[in-house]
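Listed after this line are the structures, all set down as structure tokens.
Next come two complexes built around chain A: one with chain B, the other with chain C.
On to the complex of A and B.
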């Protein structure tokens, strides 16, 4: 909210001071640096405030697999579409509405008469179930720890009997490991997502830093937070050390929200699964545990989705490379041509958190 | 989040197909090949334009329409997709200006206004944005559903009357239809406005030249954010109100005070869409300084909560003007002297660089301000 508290993190003069320090650090480092963040909200902040145009040449800040909508696999969308077409009310976050599955999106299903409701929270989906006692309400639950924890809290609290969850929740840390191990990925430092870390705590990244010897700084989402996070990472790189730092202490603690975490692991367990366009990642999908099977849409319904013929254009889509940090959107032949927010080929063009959509809307690295 | 507040394109879902078949010289309508109208088509922006091109401009945009090619001075035709059309009469001494708008809004009575006020202001403002500030008359077509309380209609019609009085215009003809229960979700009101203007006083969307100052007549995003907040049930302690109002008086003050080169009312798709249209039609760039754009604090906060940019949602009582740089201060002062214009501001200028695009200086850096791709959808986090 644009309150006084946030406005102090939106002070352009203070931002220019940090940008000057970033310039000096880069001069000191003396070689190109590639940083990766793993959160669509970071990309939003960077693009919306035009922060990239403040950064020196040679400093790349790329978005990794940080858009939960983008990494949601097409068959998961197909399942949601099938449930909607079979008569359930499917509730989901606005970002998911237009994401294409193999045989269409929830928006297509809605236009064809299915009941698809956009909600802001899991509890809003529960309200839908309470208001429609005669109908099955399925919450197509997407997102990282930030949204998985509230979904878990809803299930743990015992929602109405006509409510269930189709989980496409993802768990970030294993994905960071996969990206760090990708042969073509060159990441000198990770800016970790402050939102997710409010739940998991920043201590979670200690093992990662130790194993991969890449610095991790947890950052917030106001322009000064992002710039500060970048500055801290450059300090680590300049000093040649791989440390862990919390640059978002007003929200993030070392241990996180232990109560929320406890509930999250009581309801969900990790399982392997495909992150769209990236890889099959071990332990990075969150599945509903057997104890809560009654609320698991995959257990409750026999979901038999229509699987569409693969769009030949998807073969050319480089979403996966973009999310792995090995390519920028403007390197994709489809970008802005065959693939637009109206007719997205890859999920990166759909979500307001997707790199391609953000770049098309705000002009990724514009020389303005 | 399911309705747009001023959808002019009321089409049957299969109408899109009709076009395709016509193009192929086949009169059969194939309803099964999957393409249907979506809410994005009614949200303003590129999707809307593409549908209008496909359905309407392709048929009526050519020589069949006397003003179609806008060859004559004082003529504005369909292909220009301006706020209305203009037709020179009496040997070119006068142009008749015509515009129409259908209004649906959920809820029909909303904070700061109602569908009645919206339907009068919407059409009065479209005329005003072409320079016609003393409209001759409005029409009113009303479509309501069986079971609608008469008291609701009384309130809406009374609001129309009061808004007409405010704008100095009368409704002189109209039509009423009643649909069966369940056949219509809420009242639909169409108004058409007509006015006359000297061809030289006509202001189009396309008139920007490099160097022109860009002005907005007041705070941006009020209508869209207020309605989205209302629909989402956000209680932000009140204070979020639509800006719906007829701006013809304000526009008259502006055009009297200096040379207004281009003008548009930033309704669907908001300021972002309007500026992109103005830049595109004139083939100039536009540079906007974000911190100069007046946005009410409560609207800004609600926008952050909703994940929706106030620059991308509808205004219903505002106008965006391109003004000759020498006259910019005088026009600004004239607008600020008007009761609806106290928050008016110069927010940027037209440039030769990056023709057809809008660049936003955020105070941190610069980036493009694009028009929204579809209906405004809330974000995950």
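On to the complex of A and C.
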């Protein structure tokens, strides 16, 4: 892209120039525009560098379902908690540790004596299995394509027999379709996550753009990358065309990382399932294929998750609306009061990629 | 976070490699990187796996962008590479950043000029 080559990163003049172009495009469009991104790192860049303050009135940029931990459904957490309580060592990423299940989180289970280990990679979970040959080690695997491919690589490599995976992996493209169809959600353009696209490639979004006639621009996370992505989306909207553009050629190719994708699809297949607070989404969960059933915790164990009574605080939680783009964190009565990173009610307050946690970290509505 | 973190490959043993992230060393797996990776290459790492080889000509810019972005959020970067008890040392870039393909010729005060060439030679700290 011509504009990309001339940009100097961290250059305020360049940022101002793009912001001016955004202003001009908004004036030309002449009506409010609502954009959605689906990446916690985008939200962090927007909050940290105060990008919303540079945007003209009428231009809204919201975070959609871009936090895999946040969309992990409560029964999935319950399954992990049940396995830990039944004596398995449950290994999971740090982000998942405090996410509330129906009766409690993995952190609660750990406090009550269960073996819960925080790992930074699927490899570490395998090491745990090697170090504990007499124990079952279950890796509660969460995340989008960027972590699903590593989990797949671990299974494809043949882990020890006492290792299994409880997959809560998610697949983004079908979720974008669901959000685009939500009656109360108004999205004029999607800023797609550059790093997930490192794996999937930007070509993946072609079908979506054609079907929904909503432009998609793949953008990086650096502040100027985000501004540039917004500007490119507005160009498409102003021209009245729904195109697909890669504004992040540094990292993203059309076909993506084919080695990673091959491994991912060898081990996983898509299945329908609930995305917490949003909807039951067809084909947006990744389940372990039958060929790898020996390593599928859901096949290996009889899991009887305790569905219990809903917590009244959880009912007040508006995480689902926030991820659907119909509400902002500061519209939630619990935000920063009953719900804090230390005592989260909803998953959006737990993960470093969650909108609520990011907003709270930057002092509320981050537009300064 | 879903960023991935760039690191330099120090040593390769089959599917595993030792990689350095701002003076913090970690093991990363190369199963799904999709490109041939050699010692001295930079790779983008996510959750213990290299997910992309960073082309030589993009290394300096990539490191610079990450340093700007991670400044103030070092804890999160350390969480990402699973080294919460370590300290990232920004600005101490191995010379491979300035000189694609070569390893280990660089000191803590080395910088990279706007055109990607080293500003100062510095001492050889090996690898």
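Note that in this section the second predicted complex is superposed on the first by the 346 of 368 C-alpha atoms of A that agree within 3 Å, B and C clash if a C-alpha of one lies under 4 Å from a C-alpha of the other, contacts with A are read in each partner's own complex, and residues count from 1 in each chain.
Throughout what follows, a residue touches a chain if its C-beta (ideal position, glycine included) is under 8 Å from a C-beta of that chain, and two chains touch if they have at least 3 such contacts.
Note that this is a predicted model, so its numbers are computed, not measured.
Trainee: Based on the superposition on chain A, does the combination of chain B and chain C result in a clash or a fit?
Mentor: Aligned through their shared chain, the two binders clash on chain A.
Trainee: Return first, second, both or neither, reflecting whether A:112 touches chain B, chain C, both chains, or no partner chain.
Mentor: first
Trainee: I'd like to know which partner A:293 touches here: chain B for first, chain C for second, both or neither.
Mentor: neither
Trainee: Looking at the overlay, what does A:52 touch: chain B (first), chain C (second), both, or neither?
Mentor: After superposition on chain A, A:52 lies in contact with chain B alone.
Trainee: Please work out whether A:258 is in contact with chain B alone, chain C alone, both, or neither, and reply first, second, both or neither.
Mentor: A:258: touches chain C, not chain B.
Trainee: Just to be sure I read the superposition right, which of the two partners does A:198 touch: chain B = first, chain C = second, or both, or neither?
Mentor: The answer is second: A:198 touches chain C but not chain B.
Trainee: After superposition on the shared chain, which partner residues are touched by A:353: those of chain B (first), chain C (second), both, or neither?
Mentor: both
Trainee: Let me test your reading of the model: by the given contact rule, A:146 touches which partner, first (chain B), second (chain C), both or neither?
Mentor: A:146 sits against chain B and chain C alike.
Trainee: Have a look at where A:121 lands relative to chain B and chain C in the superposition and call it first, second, both or neither.
Mentor: A:121 contacts chain C only, not chain B.
Trainee: Which region of chain B runs into chain C, 307-315, 325-333 or 343-351, after the two models are superposed?
Mentor: Only one listed stretch clashes with chain C, namely 307-315.
Trainee: Pick out the shared contact residues on chain A: the ones touching chain B in one complex and chain C in the other.
Mentor: 40-41, 48, 93-94, 120, 143, 146-147, 195, 352-353
Trainee: Can you check the complex and tell me which residues of chain C touch chain A?
Mentor: Going by the criterion above, the answer is residues 1-4, 15, 27, 29, 31-34, 44, 46-49, 51-52, 58, 61-62, 64-65, 68-69, 72-73, 76, 79-82.
Trainee: Can you list the residues on chain A that touch chain C in the complex?
Mentor: Against chain C, the touching part of chain A is residues 9-10, 39-41, 44-45, 48, 93-94, 119-124, 143-144, 146-147, 149-150, 152-153, 156-157, 193, 195-196, 198-199, 221-222, 250-251, 257-260, 263, 352-353.
Trainee: Can you list the residues on chain B that touch chain A in the complex?
Mentor: Interface residues on chain B, with respect to chain A: 1, 13, 34, 36-38, 40, 46-47, 50, 232, 297, 300-301, 304-305, 307, 354, 359-368, 370, 373-374, 377-381.
Trainee: Going by the contact rule at the top, pick out the chain A residues touching chain B in the complex.
Mentor: Interface residues on chain A, with respect to chain B: 1-3, 12, 15, 40-41, 47-54, 68-69, 93-95, 97-98, 107-108, 111-112, 118, 120, 142-143, 146-147, 195, 223, 340-342, 351-353, 357, 360-363, 366, 368.
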